[in-house]
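Below you'll find the structures, each written out as structure tokens.
Shared between the two complexes below is chain A, which has chain B as its partner in the first and chain C in the second.
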Partner chain A sequence: MPINIIIFGQLADIAGGSLALENIADTNSLVKELHILYPALATAKYAIAVDKKVVNENTRLTENSIVALLPPFSGG
Partner chain B sequence: MKERKPKNIFVQGPIAASFIADSIEKHKSKTDIGGHSIFLGQVRADKIGGREVSCIEYTTYEEMALEKMHAIREDIFSKYDLTCMHVYHSLGKVSAGEISLFVFTSSVHRKAAIDACEETVERIKTELPVWGKELFSDETHQWKVNQ
Partner chain C sequence: MDKKELYERYQRQVILPGFGEEGQQKLLKAKILVIGAGGLGCPVLQYLAAAGVGTIGIVDDDVVTLNNLHRQVLYSVNDIGFSKTERATHSLRQLNPGIKIIPYNERLTVQNALILLDEFDIIIDGTDNFSTRYMINDACVLMNKPLVYGAISQFEGQVSVFNSRQNDNDETVNYRDLFPNPPKEDEVLNCADSGVLGVLPGIIGTMMANETIKLITGIGETLANRLLTYNALNNQVYKLALSARTGTRLLIPENEAAFLQMDYEWLCSSERTAPIAIGSEIDAGIFNDLIAKERVDVIDVREPGEMPVVNDFSNIKIPLAELSANTSLMKSDTIVAFCQSGKRSLQAVKILSGIFGGDKKIYSLRGGIIEWKKQKQTV
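On to the complex of A and B.
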């Protein structure tokens, strides 16, 4: 089952606005895979949200997880 | 405390001065209010390496932003004795000199409105998933960084 990832702000300039990746068990393996596919992401600053909540620890992903890559916020 | 549902805060394009005036006007009937505090964020024509910002294009992760704004609103209402609070943020292009953020708090006595307004603005800047892309007049761009 693919994991769907939505990508925002300057990160979308690097990796496009969305991605679907197969065989991703958790957020640590997602990051590893993303940095192989898009080396520029490895030096970018971003947070990961799972189901609209920012996660700071490795988090298990399922086919229903909504994963988002969030660069530093700059609203206002 | 009464239940508040997540409200949409986003407006397409700049926030018009007439919209702000109407918002103020609407509070005439709430005669228990003794003070309003308003913050208006305006797009600045920053000059960077000979280029000048002509507008900022805002995007958001809307579902997450509205949930987060709802949580901020709940926190602020539980911390300050507010009568009401209104927040509007632009999406899409807003030109230099135009308004992109409007925060409006009201209370019986001024202090709650002033403090709540300031804290809400700070939390919007640091916690809402919104991004500003600064577009220069020569068609190049850079991503805004909040200070």
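On to the complex of A and C.
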């Protein structure tokens, strides 16, 4: 089963609004994979949420995990 | 305002279950500070003034321009060229003469931030740049003030409440738990460069006003420890749980003196050099090369009076415990800490990396000054 990834803000200009990737064990490997697929992501700042929780360290991903990539917004 | 008028003005919210006269009294006694009277600030100010928040401070140093009017609905064409705080104050006093509006027609800086924030119970961040956002966050953590946060980009918005608990036992989180370090200027586009749908700050700002009302009156559930995201194009709303991050506190100045020395604009400027190595140890040979070739701040983190005295190369004497309060002395992009044996300087690297993130190259002299002197003798 794939890991589903939702991409917020202008990160979506780089990688599209959502995508699914197979065989990803944890968030560190996900980031690595994403940076290979979309090199521009490597220089972007974003927080990662897994199943609606923002995670601060490497987090195991399971079947059907939903990952969100959230960039900071400065506008007001 | 007499009691009858007071009752009539707020009647429709006073009759709400759980709100009552008590809720209204809480609003009338509350003091809130709105930083930024732009797209987010306008609806926040309008709704909170209308709801009867007793004291509202407004900080902004900008003037109204024509391209503000598609989203900053407090202003009209007659206001173009005039101070936003002054025009907002004028409108809000007409809307509700029974409350106190205090305009601060100035930019928030490290010099005035703590003094200003101190006068208010709740701080509302409606600013449009990262340097001020990080400054407000750090000041609110330092002063333990609830911070209502909102930010927008193009068609999307984020809302949260920082430094506040839903339940007594909850931890508190702040903006740096979500985004520890600010992006550089060119890493994220601002409204001027990327555009914003006019109604979006209206929606997000109104949500911020709602969070503020809940914080003050205690009704409902706030977005403390949650980040809400809203997409105006597809109406998708996500509520994400936030948790405290180890190390966040190290990024925030630990006291007023350290706060005053922060340079938030520099933190967000694109001229920062890319990180090359953080937290590494270097030996005497590399150290000698480095100080010969580059501008380096060498810091002696030993206590005053420790021997040997080092005057073989220029160095700044800052004991380990005083490091974080003296970061303003570190002007170069490269820092090398040393102590007697190389242990305390490693701690220094940890502390400084926490403060500067990847913005500077920070090294520890392996083996300390004792090893360095030994190497010097053998050369």
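Basically, the second predicted complex is superposed on the first by the 72 of 76 C-alpha atoms of A that agree within 3 Å, B and C clash if a C-alpha of one lies under 4 Å from a C-alpha of the other, contacts with A are read in each partner's own complex, and residues count from 1 in each chain.
Following the convention adopted for this analysis, a contact is a pair of C-beta atoms (placed from the backbone, for glycine too) under 8 Å apart; a residue touches a chain by one contact, two chains touch by 3 or more.
Bear in mind that the values here come from a model prediction, so they are computed numbers and not experimental data.
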Worksheet item: Is the number of chain A residues in contact higher for chain B or for chain C?
Response: C
Item to complete: Identify the partner contact of A:L34: answer first if only chain B is touched, second if only chain C is, both if each is, neither if none is.
Response: neither
Worksheet item: Of the partners chain B and chain C, which touch A:G76 in the superposed model: first, second, both, neither?
Response: both
Practice prompt. Give one of first, second, both or neither to describe whether A:Q10 is in contact with chain B, with chain C, with both, or with none.
Written response: both
Worksheet item: So, A:N56: does it touch chain B (first), chain C (second), both, or neither?
Response: second
Worksheet entry | Touched partner set for A:A68, first chain B, second chain C, both or neither | both
Worksheet item: Should A:K45 be classified as contacting the first partner (chain B), the second (chain C), both, or neither?
Response: second
Worksheet item: Which chain A residues lie in the overlap of the chain B contact set and the chain C contact set?
Response: 6, 8-10, 49, 52, 68, 70-76
Response to the item:
Per the touch rule above, chain A residues touching chain C in the complex are 6, 8-10, 43-45, 47, 49, 52-54, 56, 68, 70-76
Practice prompt. Name, in rising order, each residue of chain A that touches chain B in their complex.
Written response: 6, 8-10, 49, 52, 68, 70-76
Worksheet item: What residues of chain B sit close enough to touch chain A in their complex?
Response: 41, 58-61, 63-64, 67, 89, 100-101, 121, 124-133, 143-146
Fill in: Contact footprint of chain A on chain C as seen in their complex
36, 38-41, 125-130, 133, 150-154, 156-158, 177-179, 181-183, 187-191, 194, 196, 201, 227, 229, 238-243, 245-246
